[in-house]
Each structure stands twice: as C-alpha cells, then as structure tokens.
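Quick one: the structure is below, questions incoming.
Chain nomenclature is as follows: A, B, C, D, E, F and G, assigned in order of appearance, with residue numbering initiated at 1 for each chain independently.
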Amino acid sequence: MGAPALSVVIRKLLIDALKPREIPITELSKAICSAKGVKEVDIVVTEVDAKTETVKITIIGQNIDFDEVAKIIAENSVAIRSIDQVVVYRTRRAV
Amino acid sequence: MGAPALSVVIRKLLIDALKPREIPITELSKAICSAKGVKEVDIVVTEVDAKTETVKITIIGQNIDFDEVAKIIAENSVAIRSIDQVVVYRTRRAV
Amino acid sequence: MGAPALSVVIRKLLIDALKPREIPITELSKAICSAKGVKEVDIVVTEVDAKTETVKITIIGQNIDFDEVAKIIAENSVAIRSIDQVVVYRTRRAV
Amino acid sequence: MGAPALSVVIRKLLIDALKPREIPITELSKAICSAKGVKEVDIVVTEVDAKTETVKITIIGQNIDFDEVAKIIAENSVAIRSIDQVVVYRTRRAV
Amino acid sequence: MGAPALSVVIRKLLIDALKPREIPITELSKAICSAKGVKEVDIVVTEVDAKTETVKITIIGQNIDFDEVAKIIAENSVAIRSIDQVVVYRTRRAV
Amino acid sequence: MGAPALSVVIRKLLIDALKPREIPITELSKAICSAKGVKEVDIVVTEVDAKTETVKITIIGQNIDFDEVAKIIAENSVAIRSIDQVVVYRTRRAV
Amino acid sequence: MGAPALSVVIRKLLIDALKPREIPITELSKAICSAKGVKEVDIVVTEVDAKTETVKITIIGQNIDFDEVAKIIAENSVAIRSIDQVVVYRTRRAV
C-alpha cells in the first residue's frame, strides 16, 4: 500500500446504526470517542420506533481505528446497518 | 476511557422538549445557561399548542454537564422528549 | 445563577408580533433600538391584513433588557404573539 | 431616545413599490441614491403588467433619511405599497 | 443630484434580452464588454427557440455607461426585453 | 474594441455537448485543457443514452482561445449543442 | 499537448460504480488511495441491493493516475459504470 513512509488513514466514517432506546446517545458518543484515533463523534437520531432508534454516527479523527470503533459499537448493543461514507487520506506517515 | 490525560467532553446537545406555555423561554434559556460548562443556549419554538410549546434547545459549551442540564430542565417543568444530537470531542484534559 | 463574576445575557430575540398598520416600522424599529443593551433591530413584515400587519422582530445586542423591550413594544400598541427564539451567552461579567 | 451621545440610524430599507413602465429603473435608482445618507440602491423588477411594474427597492446607507427617500420616490410617480424591512443600528453619534 | 463632488454610478445591470441564434454569445459579450465603464459581462442562455434565444446579460463595472451598452446591444440585433436589476452606488467622484 | 492597451478576454465558457460514449471524458478533458489560455476543464456527464452522452463542459482560463477549443472539441467527434454561458473581462492587456 | 514544460493533470474524478456487498468500503477506499497521485478518496453508498451496492467514489489528488485507479477498482471486483466528472488542470510541470 505505497512506499514505506506513506500511509493511508481513515479520517471520516458515517455509520447508519440501530440502537436500543435505553442506550443514551450521550453515553454511546463518549464510548466511541474513546477509540484510538477518534477526535470527534456526532450522533443524530433520525427515526424513533417503539424499542429502537435509528442513528447516524459521524466519526472524525486523524487515523480512525475502525476495528476498535466497530467493537465498541457492538459492546453497546448497537447494530451497524451500513457504513454510508468513508473518507481516507494518504499521509507521509501514520498520525 | 483512554489514557489518564485524555478526556471526552460534550460540546453540543440538541434537545427536543415540551414546555408549559407559562414558562418564558427567556427564563428557561438563562437557567440552562447557568449549568456547568455551558456557554450558549439557543431555544427555538417550533410548535404551539393550547397549553404547551415544543422547543428545540441547542446547548453549546466546552464541557457540558448533561446531568446538571437535565436537572435544570426538569426543575422548570419541561419534559425532554428526546436528545436529537450529541457532539463530543476528545481533549488532552477536561476543559 | 453561577459564580458571582459570571452573568448570563440575552444576545438575540426573535419576536412574532401583530401591529396596527398605522404604526410605521421605521418608527417602531427606532423605538426598540433605544432600549438598554440593544444594538440592532431588524423588522420584516410577513403578512398584511386590513388593519394589522404581522411582523418578525429580530433584536441583537450585547445584553438585551427584555423587560424594557417588552414595555416599548406595548407602548407602541404592538402585541407580542410569541417569542420564537432566544439566544443567551454566559460572560465573565455583564456587558 | 437614549443618552445624548447615542443615536439610532436606519441602515437598510426594503420597499415594495409600483411604478409606471415608462420610468426607467436606471433613472429611479440614481434619483433615490442621491438622497441624504444613502450609499447603495438595488432595484429588482419582480412583476411586469401592461402599464406598471412591481419593484423591490433595497436601500443601504449609514444613516438613511427616510423622509427624503419617500419624497423622491413620490416625485418619480412611484407608489410605495409597503415597507417590507427596516434595519436600524444604534451608534455613538449620527453618521 | 448631491454636492458637486458626489456622483451616482451604475455598478451592475441585469438585462433580459432576445437575440437571433446566429449571433454567438462569445461575440456579443466581447462587444458589450468594450463599452465605457464595463469590467465584466456574463451571458447565460435561458431559453432556446427556433430562431431566437433568451439571454440574461449581467454587466458589472465601476461606472457603466448604460446608453453605450444599449447602443451596442441594438447594433448586434439584440432586443432588450426588460432591465431586471440595477445597482447604483454613490461615490466621492465618478470612477 | 476600446483603447489600444485594453483587451477583452474570455474567462469562462460553459458548453453543452453531445459525445460518443467511446470517447472517455478523461481524454476529452485533457485535450481541451491543452488549448491556448485554458487553465482548468471540468466535464460532468448529465445524460447517458445508448450511443451518446450529454456533457456539460466548463472551461476556465485567463484568456481562452474559443476557436482552438471549438476545433479540439470537433476533432474528438463531439458536437457542441450550445454555449450556455460566457464570462468575459476587460483587462489592461491580454494575459 | 502543449509546450514541453506544460502538463495536464487529473485533479478530481467522480466514479459511479457497482460493488459486491462483501467488499467493505473501508478497504476499497484504502486500496484506491494507494494509487499514484491520489491524496483523498471519499466513498458514499447511494443504493443497497441484495448482493450489490451502488457507490459514488470521489478521488482527489495532484496528478491522479487513472489507469492505476481503474486497475485497482477492477482487482477489487468493483465495476465502473460511468465516470461522472473529471477535473483537469494545466500545470507548469507534472506534480
């Protein structure tokens, strides 16, 4: 994936997910924001059903560790329905 | 939640709430703005019914104390219907 | 409402009001702009009826004195129908 | 209207008017722009009828003399239908 | 029209016109741009008919000579249907 | 066309064209961009038919040579359907 | 294609493609971003079907090597349906 000194990093992820209503988005956002390489998490509730809520999770960072993000989301009983956007950059070295 | 020196803070909250018409939004906004870590409060009335008004409360700050915000809202007889957006940041230490 | 040195001030008000057609908005805006803490007043006419006009009054300032604003509006025979938006800030001391 | 050194000035006017088609908006705009305190005049034609045109006249300046503006408009056989917006500022002294 | 040293100048004109299809807008725009006081001409084709095209001509300059612009447009067999916008400024002296 | 030292130059062209599907827009854009005075070419495909594609070609430069652009477009078997916008400027001398 | 020292480079590509659902866009974006001259890749999922997803791939860089990009996309079992936009610039020399 390029010359040794180059690295491709994830800068933005937009995740569509389904969460139980009893999980507060204040807690969920804080948990995701503690993942490696994450700088900012923005969660918007787009649909509310009897037991679940559809949320759009925007994650921004210099070098987002997607595996850790996915693990944290699963640990909070939230199901990723789809990854709707990924933005990657190539940097001289991993930040 | 990260290395000792790191901290995740709430920078923005968007709250959908139902308030009695006799509570003026000038007073409600001032009360919320006195909560720890809050810098700015913007309340917009989106629906007016006979006895209640639906309001969108946007709260911005460097490190919003959600528990205190929720307590102040409840003390003013306002019911939080949903938290529609949360934005959190990771900072070197709590601001 | 916070530590002694802190103060919460109103920076913006959006008022929906009903005014008699014979009150010119040039005069009404000047009168409101003379209230304590007001810097700018923007009045837009949104509906015209036989004897009245619906106006949206946007008031901006460093520390708007709402009581004085409300008094001036009433003295001009204008009825506040609702306060549609309030923006408050917390400052080190009242400006 | 405030302490002696303060003054409230009109910075913007939006006027809805009806003009005879034979009055060119190039001439009308120049005439209005010669009024005291006016810096810029923007006239947009929004409707064209057999003998008349509806125009939106935006007038910007540091301290617009509304009475002179109204007199010039009348002298050009143009009828003010309504003043749709007024923006006033409070300044240390009249500019 | 104001004190001797002041002058009202046309800064923008928006003209709605009908042109024969065989007149290229590249030539028409260059011709108008050569008028006194004109700095920029932007022509957009908004409708195409069998023999004619409707164009919106935006003319920008420090002190547009409308009479010369009108003459050039007529010489190119283009008919001005209406002047849809005029913006004038008052300057210390004509630029 | 003005005093000797003045020159009117084309800064922007928006061309509506029909191209055979087998001509790649990567090649077409590079070819147009090699024309005299062209700095940037942006081609967007707006409609796809069985054998042809409708494209909007935006060409930006300090002094676009339209004749050369038209020749290159024709050489690539692309038909100009209309020139939808031209922006010209007057400069002290040709750039 | 111009004088020896000039070069036309691709700065932006917008590709419409169809990908198997089992290829994660996090991996696909990283692979494309490793192509020569690519700086940023933004993939948005616009439609989800039983086995495939439609994606819009935006590729930005100083001098994008389209052939390498196309090869990488094909190697990931993704079919390019169309190239919807190309932006090219002319530079003094290839970056």
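Remarks
Note that a contact is a pair of C-beta atoms (placed from the backbone, for glycine too) under 8 Å apart; a residue touches a chain by one contact, two chains touch by 3 or more.
Keep in mind the model is a prediction, meaning the values are calculated, not measured.
Between subunit C and subunit F, the superposing rotation on Cα atoms measures out at 155°, rounded to the nearest 5. Between the Cα centres of subunit A and subunit B there is a gap of 24 Å.
Centre-to-centre separation between subunit A and subunit F, using Cα means, comes to 42 Å. Inter-chain spacing, taken between the CA centroids of subunit A and subunit D, is 53 Å. Multi-chain contact residues of subunit A, defined as those touching 2 or more other chains: none present.
Taken as a graph of touching chains, this assembly is arranged as a ring, one closed cycle with exactly two partners per chain. Looking at the complex, you find that subunit G touches subunit A at residues 24-26, 29-31, 33-34, 38-45, 48. Per the touch definition, subunit B reaches subunit A in the complex via residues 1-2, 6, 8, 10, 13, 66, 82-90.
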